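Labels A, B, C and D are assigned to the chains in the order they are written; within every chain, residues are numbered from 1.
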Amino acid sequence: MKRDTTLLIYLPLLVLLLAAGPLLPKWAGFLVNVSLCFGTVVLGMLILMRTGLVSFGQGLYYCLGAYAAGTLDHFFKLSDVPLMILCGTLLSGLVAFGLGFLLARYRDIFFAMLSMAFSMILNGLLVKTSELGSTDGFNVSVHSFAGIALAEQSVRYVTYSTTVTLTVLVGVGVHLYLRSHLGRMAEAVRDNELRLEYMGTSVKRLIHINYVLAAALAGMGGAMMAVTVGHIDPEMAYWTTSGEFVFIAILSGTGSTLAPFLGSTVFETVRSFAYEYSPNTWQMTLGITMLLVILFLPGGLWSMFNRQSGTA
Amino acid sequence: MLKVELLDVAIGRVGILRGISLEVGTGRFTGLVGRNGAGKTTLLRAIMGILRAQKGQVHFDDKPLESMPVHARARLGIGYMPEDRRLVPNLSVQDNVLIPAWASGLQDPKRRLEKIYAMIPEVEQFSGRKAMQLSGGQQKLVALARALMSGTQLLLLDEPFEGVAPVLARRLAEVIGGLKQEGLSVLITESDLSHSEEVLDSLYVIDRGEVSPRPL
Amino acid sequence: MAQQTGEFFLEARGVNKKFGAVTAASDINVGITQHSVVGLIGSNGAGKTTFINMVTGYLKPSSGSILFQGRDITSLIPRQVTNLGICRSFQIPQLFGTMTARQNLRIPVGIGARHPGAQRMTDAQEMATVAAVLERFGLTGCADQVSAQLPEGTRKLLDIAMAMAGNPEILLLDEPTSGVSAEEKFLIMDMVMGALAASRTTVLFVEHDMEIVERYASRVLAFYDGRIIADGNPQTVLTDPEVRRYVIGEHVLGQGHAGGSHA
Amino acid sequence: MNQLLAVIIDGILYSSWLFVIGVGLTLIYGVMRILNVAHGSLYALGAYAGSSLAGYWISHGYPPLGSYAALLVAAILVGLVASPIIERGLLRLVYGKDEVVLVLVTYSVFLILEDLIKLMWGVDPIFVPEPYGLLGSFSVGDLSYPIYSLALVLVSVLAGIGLTYILNYTRQGKILVAVIHDRETAATLGVNVRLVYFLTFTAGAMLAALGGSLTAPTISVQPGIGVEVIVLAFAVVVIGGLGSLGGAALGALIVGMVRSAAVHYVPQVELFSIYVVMALVLIIRPKGLFAVPEARRI
C-alpha cells in the first residue's frame, strides 16, 4: 500500500494559510478565500463525479446555501458566521435529500439536464421575488462569531480563517470518506453499476448519499461565499455558475481531494488576472486554458502531481 | 485476394487474436471454424478496419490495408455481413441494400440491385417492408444482399447460418453456394461445418485466438 | 421431467420468456438439488444465459415461477436475489475497470463484512481476507494492476472470485472459460472447483467446451431453442443423438468430441 | 377570447423561434452525440453577421428587400466558416471522450466565441430594424403583428419539412439515418462517416446562425444574447428526447405555448415556466418524450 501523504499536506496547509492571512495583501487574501469557497463546491462535485455523475445544476445548492445565510442576516439579524454557514449547509443538504429520491434514478446527460432545470427554476423564482431583491440580490453583513460580537476591522480575517479552517476540515473529511468502504463503493458505482447490484447493494441509495453530500458541500461553499463577498444574487443559480463548477472540476481532475482547491485557485487567478489585464478576453483565456487541459492533461491539473496512479 | 499475416488484435489491453495468418485465394471459398468467443468476429472486424491491429499486416489484392479507413476498405469491393445483421431498422429493405451503392457513388445501382435480386429473389419480395418487420432469418438474407452490393470482390460473412431456422439456413447455404459462379472470393465463419462444408475450398480452424489451416 | 415440489434447492416451474416474437425460454421445468454441479450446454441463443438472467432477477419470466429453497423469487431484482445467496459471474467479466484487482475484491469483501449478522472486520482483516482470496486464485502477482489492463483469463478469474466472495449458496457461472486460452481453461476450473469443494456450493455453469462439461459437471442440461432437450449425467446427455445433432453439431472441430468427424 | 387567441399566436411565433434554434442542436446530437453548448454562440454570431451584412446593405442604399438575402447569406457564411474550424479543427480531436467532457469542450468554445464576438463587434448594441418594419403588419381580430414575425414561422416549417424530407426521401438522408443508427456498420458499408459528421455540424451551425440572423432585426444585438438561447435550446431538445427531430418540434411547441400562456396569464412565472415543464417532462419520461430504447448489457 502506498503511504497516504494527502493528510500530511492538509495540516501544514491550514497553518500556512492561517498564518499568511494577516500578511497577504487584501486582494490576495480575498482571492484565496474565494478560491476556497469555490473549491468546497467543487469538492462536492468531486464526490458526485466519483460515482460517475456530473451535475450541471450545482448552482442550485450553492445559491440555496448563500441565500440561507443571507436570509438569516437580512430578516432575522442573526449575522453569526458559523450559524450562517451551518444553516446554508443544512438547507442544501435537506433539499438534496428530497430531490435525491428523484435524481438518483438519472444518469449521464439526463442527470445533468434535470439538475440544471431545478437550478434554473430557483434562479427564476429568486429573480421574481422582490422581497429577496430580485435580480440584484442583496447585501449580507456579518456581526458576530459564535455569539461573540466582531469589531468592524476583524470581520475580514475572521471570515477568512473560518473559511480556511472549515475548508481544511471538509477536505480531510471527504478524503477520509473516499477512503472508507462507502467512498470506495461510490467509485464502484461509476465503474460498474450492474456488478454492484449483483453484490446485493442498492446503487440508487449510494448515489443518493453522495448527492446529498455534494449538495451540502455546495451549500457550505455558497454560505461561505455569502459571508466572504457580502453580496448574493440569483446569478448564483444560473446555469453559467454551474457550468463554472463543472469547468473547475474538469480542470482540477478527480485524483485527490486537494485537486479542487488547486483547480479553483488556478481558475480564480487566471480569471482575476485575465479580467484585470484584458477585460474583453478573459473568457477566451479560460476557454483556451480548458481546451489545453482537456487535450494535454486529460486527468486534470492534478495529474501533473500524480502521474503513476489515481488513488485517492 | 486477401492475405492476413501474423496479426495481433487486442480490445483495450485484452489480447484477443495472436499471430493470425490466413489467406483467401481469388474465387475461393474459405471457411473459418471455431466456437463462440474463439475470435472469429474479432478477426473479421479487424480485416474491415473496425478494430485496429497491434501487429501484423492485411493485404487486399497486394494493397496494404493498415492505414486505410473502414469506408475506403468497403469501397475496394469488400462486403461485410455482421453476425447480428445490423440492418437499419426504420429503412426499407431496398434502401438497406442500396446504402453501400449510394455511399460509394456506384454508377448503376439499379443494375447491381437487379442482379442481387436475381440471386436472392426473396429479398425482392419484401423489398418494400421496413427492416424491423422482418424475422431474424429474413434479415440475414437482406444482410447478405447488402454485403453483395459493396462486395464485388470479397465477401466476409460472419456466422451467416447462426440463429436461423434449418430451412432458411439451407436456403442461405444455397445462395452462398451460388456465388461461386460470380467469381467472388468468400470468407465464411461458422461454429461448426454443418452448413458450409459443401461449398468450401479451404478451411481454417480458430481456437482461443489462434488460427491453423485444416484439410477439408 | 418430474414435477416434484419442495425438495429442490432451486427450481424453475413452467418458465417462459418472450422478447417480442422471439421465444428465449419455453416451458422450462427443472429442479436442482443442493450440492450438485450442473453444466448448461447449447448453441448460441439457445436460452442458457436467459435462464441465468431469470434466476438472478435480471429478466422477469413472461410466465412461470422460480423458487429458491421453496421461496418464490420470480419477482425479485438482482440485489435481492444476491442477498438470498445466489451469486453469478458473467460471460464478459463485469469488473470495476479503473480499480486494481485488489480493490475490486475489496468491494464484495467489504459488503460481506457489513451484512447484518456478519462479523465486522477491521481494515486490516479485510485486507487479509482479500489477500487470501487473491492467493487462492493465483492473482497475487497482479493484485495491484488496474483490472481493465489484465489479460482476459485473469479478468475472468477475478470476475468469478468476486462472485464467490459473497459466499453464495448457489453460484451461477456464465461461460467461465470463454475467451481464455486452451492452457488456462482447466486451470481456471480447477481453481474454482477447488475453492468450492469445502463448502460443496451448488454450481450451475454455462459452457461450450464439452471437455470442461464432461470433467466437472455431475449433471448436464442441454438447451435448444429455449427448451431443455436433455437432462441427465454427462455421459448420457453428451451421447444423446439429439444433443449431438443440435447442440454439439456433428461437424464440430477443435473440441474433444469432434474426434474423426472431418471425414 | 382575444387573450386566448393572443396566447396561441404568440405561442406559435415563439415555438417557431425555439424550433429553429433547437433543430440544429438535436441534429448534431443525434448524429454526433455531442451536446453543443457553443450552439448559442453560433446563434449570436449569426445575429451579429446578419445585422452587419443587412446594415451594410441598407446603409449603402441597395434595394431594402435585398436585406433578407443578406440575413440568409450571413447565416450560411457563419456555418461555412465556423464548422471547419470547430469540427475539423477541434471536435475531431476529442471524439470518443466522455459525453460530459465533450460538453466541456463545446463550453470552452462558447467562452472563446463570446469574447471573439466582443473583439470583432465591440460591446455596443447593434440595431438594424429595417427588415423588421419593411413588410408592414397583419391583424388577427384586433391584434396586430408584423409580417416579418412570420418569417421565423416559415423558416421553422421549411426546416422541419425539409429535414424530414431529406431524412426520409433522399439518398443522403438515408445514409444519415444509417449513420445515426450505427456509425460503425455504416462505415463498413462504405459511408464516409467523417464527412457526414462535418456536413452535419455545418448544417447545424447554419441553422443556429439562421435563427440568430433572422432574430437580429427584432432585437438589439449585444454581447450575451447567446447565453439564454443555449439553455432554451437544451430545454426544447431534452424535452423532445435528445436527437429526435419530431421531439424537437413537439418540445418547441410545448415550451412555446407554456411560455406564451405564462406571459399572458401569470407573468411572474414566465422566466422559469420553461424549466418547470422541462423538469416535469423528465420526471415523467426520464429520457424525454421520444426516447430511443437502449440495448441490453448482458
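Brief remarks follow.
Here is the rule we go by: contacts are C-beta pairs under 8 Å (C-beta built on N, C-alpha and C of every residue); 3 or more make two chains touch, one makes a residue touch a chain.
Just so it is clear, the structure is predicted and the values come from calculations on it, not from any experiment.
Contact with subunit C and subunit D alike is made by A, B. Distance between Cα centroids is largest for the pairing of subunit B with A.
In terms of their C-alpha centroids, the spacing between subunit A and subunit B amounts to 54 Å. Inter-chain centre distance (subunit A to subunit C, centres taken as mean C-alpha positions): 45 Å. Rounded to a whole number, the gap between the C-alpha centres of subunit A and subunit D is 32 angstrom. Averaged C-alpha coordinates put the centre of subunit B at 41 Å from the centre of subunit D.
Looking at subunit C, residues 94 sit in touch with two or more other chains.
Looking at subunit A, one finds that residues 194 touch two or more other chains. Within subunit B, contacts with two or more other chains are made by no residue at all. Within the complex, the subunit B residues that touch subunit C are 12-16, 33-38, 135-136, 162-163, 191-194, 197, 205-209, 214-216. For subunit C in complex with subunit B, the residues that touch the partner chain are 21-22, 43-45, 148-152, 155, 175, 178-182, 208-209, 249-255, 262.
On the subunit D side of its complex with subunit A, the touching residues are 35, 37, 90, 93-94, 97, 99-101, 103-105, 107-112, 114-116, 118-119, 123, 227, 230-231, 234-235, 238, 242, 268-269, 271-273, 275-276, 278-279, 282-283, 286-288, 297-298. Subunit D makes touch with subunit B in their complex at residues 171-172, 174-175, 177-178, 181-182, 184-194. Against subunit C, the residues of subunit A that register as touching in their complex are 181, 184-185, 187-188, 190-192, 194-202, 309-310.
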